[in-house]
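Naming follows writing order (A, B and C), and every chain is counted from residue 1.
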Amino acid sequence: MPLGHYDYRLRDVRVDYGRTTALALGELDLVHGEAVAVVGPSGAGKTTLLRVLGLAQTPSTGTVTINDRPAGALTNPELRRARADIGFVHQDFRLVPNLRVLQNVLCGRLGRMSLLASLRALLAPSKRDVGAVYNILERVGIEEKLYQRTDTLSGGQQQRAAIARALYQQPRVLLADEPISNVDPARADETVRLLVDICRGARLTLCASMHNIDLARALFDRIIGLREGRIVFDRTADTLTETEVAELYRLSESADGRESR
Amino acid sequence: MKRRFVIAAIAVAGLVSFEALGLRPSEVVPTRAELGTLSSFLLGAFSPALTYEAAYVGADAPPLLLKVADAARRTVVFAAAAMSLAIVGGVVLGFLASTAWWRHDLRSRGPIARIAFPLIYVGTRTLIALMRSVHELLWALIFLVAIGLTDIGAVVAIALPYAGTLAKVFSELIDEAADDAATALGGAGALPAQVFAFGLVPRALPDMGAYTLYRFECALRSSAVVGFFGPETLGKFIRLSWDENHYAEVWTYLYALLVLIVIVEWWSGALRSRFAA
Amino acid sequence: MRTSAEEIAALKRSRPRNRFVSVSLVVFTLLAVYAWFGGDLHLAEFDLDRRLANAARFGEAIRPYPIQELGVWDWATAVAWMGDLLAGDGWQALQRTLAISIAAIVLAAVIGAIAAPLGARNIVRRDGLINSPRRPSRRVRIAETAWLTAIRGLLIFLRAIPEYIWAFLLIKIFGFTSWPAVLALALHNAGILGKLGSETIEDIEPARAEALRALGATRVHTLIGAVTPEVLPRFLLYFFYRWETCVREATVLGMLGVMSLGSLIRDARAANFYDEMIFYVLLGSLLVLAGDLLSAGVRASMRKAA
């Protein structure tokens, strides 16, 4: 598998949890370098889709192919390398609260290090590593928190620390699950713009889920709308219509007229 | 099980046990002779010996207080040596006995791992249970009759059950620690050992540290008691003085042990408040 | 404008540091090094070869006596031998050891439950659970502090002295019955349960108790009505944890007393019957493991019912 280049092909992917279907896609292709926004109401399956792309969730049926190689056929070392190439920013951050921000970010590169190297790198980080972490923190705007305990940061700051960890990973694909859910609206624009710029500059594939359609339309090439696990639309930003957006978020009415979402 | 039922069961079990042992409350009331011993002993609490009670001690015998301090020092040495072994053993066995670093994506590993990991888990838990089930004094007794006790034997005798207990508690703390960070690291390609070291252990570390300190305090006690079997810790001298009815000296040694315990208690209290901060 | 390197260095200098923790770690490491290399442990005199030879001889000696005579391992003979030991004294000793552990922990719980509120700041202090507009006099406060210190001191003393030493001391006073073992375990664990109980009482949510006090209930009423229900679950958990330890200790303390696993071990050793000695040790282990399982089961079901 050629390193560094990730073209996704999802065919008939379904993810079922018991009797609930979280995701039921038909065909979905992602070309390397795209900036894709995934929008939809809560519970639409955005997180599940991102997890499937991040190789953290095996679909119940269907195939996920990366560069013409089925993900299920990856050997363990290949799987490890693929995971290291895919950065994931979780909605609940998933940082270690009593470690310093520096250490949490350094953890991003564990996927590429041997056990011994990682022990050395995290317990006695080199000046160069610390400098690299500092630069990334600078880009997300929390460089002064370098040595602070992560649980002393606010929610928005922790989210940016999680983004920093994913970026430090030097991934080829960046998946972000609601990266601005904890960021105040004034900052949201800045944060998403940052993600898009970094990914464009480094030629990474970016796939981010969010509720803010306007931001998605403004900054992303392609917008996918999910509703109840299905793709409702898959458009470029300028061909997306208002009707489609309204349709995505409309309150659905059940047979006896009760509203439900 | 309702709490009230449990309490009732405990009360019944207690009464049955007292009956089964044939213990009568009247036996606790001391006889005249026993009362004499008891009161002489209790009086010693207020005037612990500062010099030897025996009429004659060897010409080169050190002053009593120095001897007590030395015994206390050796008690600490034995406890520290035993704990250093126990911590190493506890960490290694705790890692093997925890499931947190392999239970999540077992399906994605090869068939060998799928059989090996649970086997290692069960095997380690059994080993730990065996180590823990034999009291350190019984281990000491076994070493005593098997190879002659020696100081090292005493240290290992204490270290064995302590390592088992530490391993059990460590593995439980790690398995119950929040694993959100661990799944994130694993999803980014970290090896199980890395997930363990950087995603799970830091979360459980404060509690692990607190428990280790508590165990050190227990180790001091065990180290003192093992002196009854030969090594020159506080227990040995308590027994010697007691056998000669030098009650005031016994109190001196008891107070020395009390001082050691109080120091460690204070230290662990101070550390615990720093850990939380 | 500082360069990043300078900025990093400045951040590093001003980073929050836990001095006490780092110093403690250093002290403990030094202590461990001193322990091993300070000469107290007489490592040089160990003589590995002789010890290994001893161990080998011991391995031979712990095989059941009939097996030693036979020369070859035979399960039927071994099991029959074990059955004889159990039927003889083993089973009774097992039961008595268990009884010692239960009697001791129950007694400890009673004493501890009485001592716990006596050592809890929010019970002893007149204004512990209510916001009284009138502060108690200085004399009262001093008396309260003296009382708390005395109780806590007593509890510390009870638990600082190891159970074995307690039992050893009590034998001379109470003679060769099962009382020394039971009392020793009970006193030591009363110290522990008392302290843990005090801490639990001090940790409770004051709302319920405060409400009762505000309505005019006496401290005793508050204790029974509001504090006990809140403290009971945790106290029960501590009870079972300590019982597990009591089972372990009961075997060992038996060595100082009559008719229990410990006394059988002691007697077997005195007679150089190492096979029997090991058998009784293993029997003790089984008792400990069974006790641990039972305790874990009860604790789990209590948690579920909660």
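The definition used in the following text is that a contact is a pair of C-beta atoms (placed from the backbone, for glycine too) under 8 Å apart; a residue touches a chain by one contact, two chains touch by 3 or more.
Computed from a prediction, not measured in an experiment: that's the story for all the values here.
Judged by the touch criterion defined above, the protein chains are all mutually in contact, each touching every other.
Across the assembly, the chain pair joined by the most C-beta contact pairs is B-C. Chain A and chain C have centres, each the mean of its CA atoms, that are 50 Å apart. Our note on geometry: chain B versus chain C, Cα centroid distance of 8 Å, whole angstroms.
Within the complex formed with chain C, the residues of chain B that make contact are 1-3, 6-7, 10-11, 13-14, 16-18, 20-23, 27-28, 30, 34, 37-38, 41, 73-74, 76-78, 80-81, 83-84, 129-130, 132-135, 137-138, 141-142, 145-148, 150-152, 155, 221-222, 224-225, 228, 235, 238-239, 242, 250, 254, 257-258, 261-262, 265, 267, 270-271, 274-275, 277. On chain A, the positions that touch chain B within their shared complex are 54-56, 76, 79-84, 86-88, 90, 92, 94-99, 103, 107-108, 110-113, 115, 118-119, 122, 166, 169.
For chain A in complex with chain C, the residues that touch the partner chain are 100, 127, 130-131, 134-135, 138, 143-144, 146-149.
Residues of chain C touching chain B in their complex: 18, 20-21, 24, 28, 31-32, 34-36, 38, 40-43, 45-46, 51, 54-55, 58, 95-96, 98-100, 102-103, 106-107, 109, 156-157, 160-162, 164-165, 168-169, 172-175, 177-179, 182-183, 232-233, 236, 239, 248-249, 251-252, 255, 265, 269, 274, 277-278, 281, 284-286, 288-289, 292, 298, 301-302, 305. Residue ranges on chain C touching chain A, taken from their complex, read 4-5, 7-8, 11-12, 14-16.
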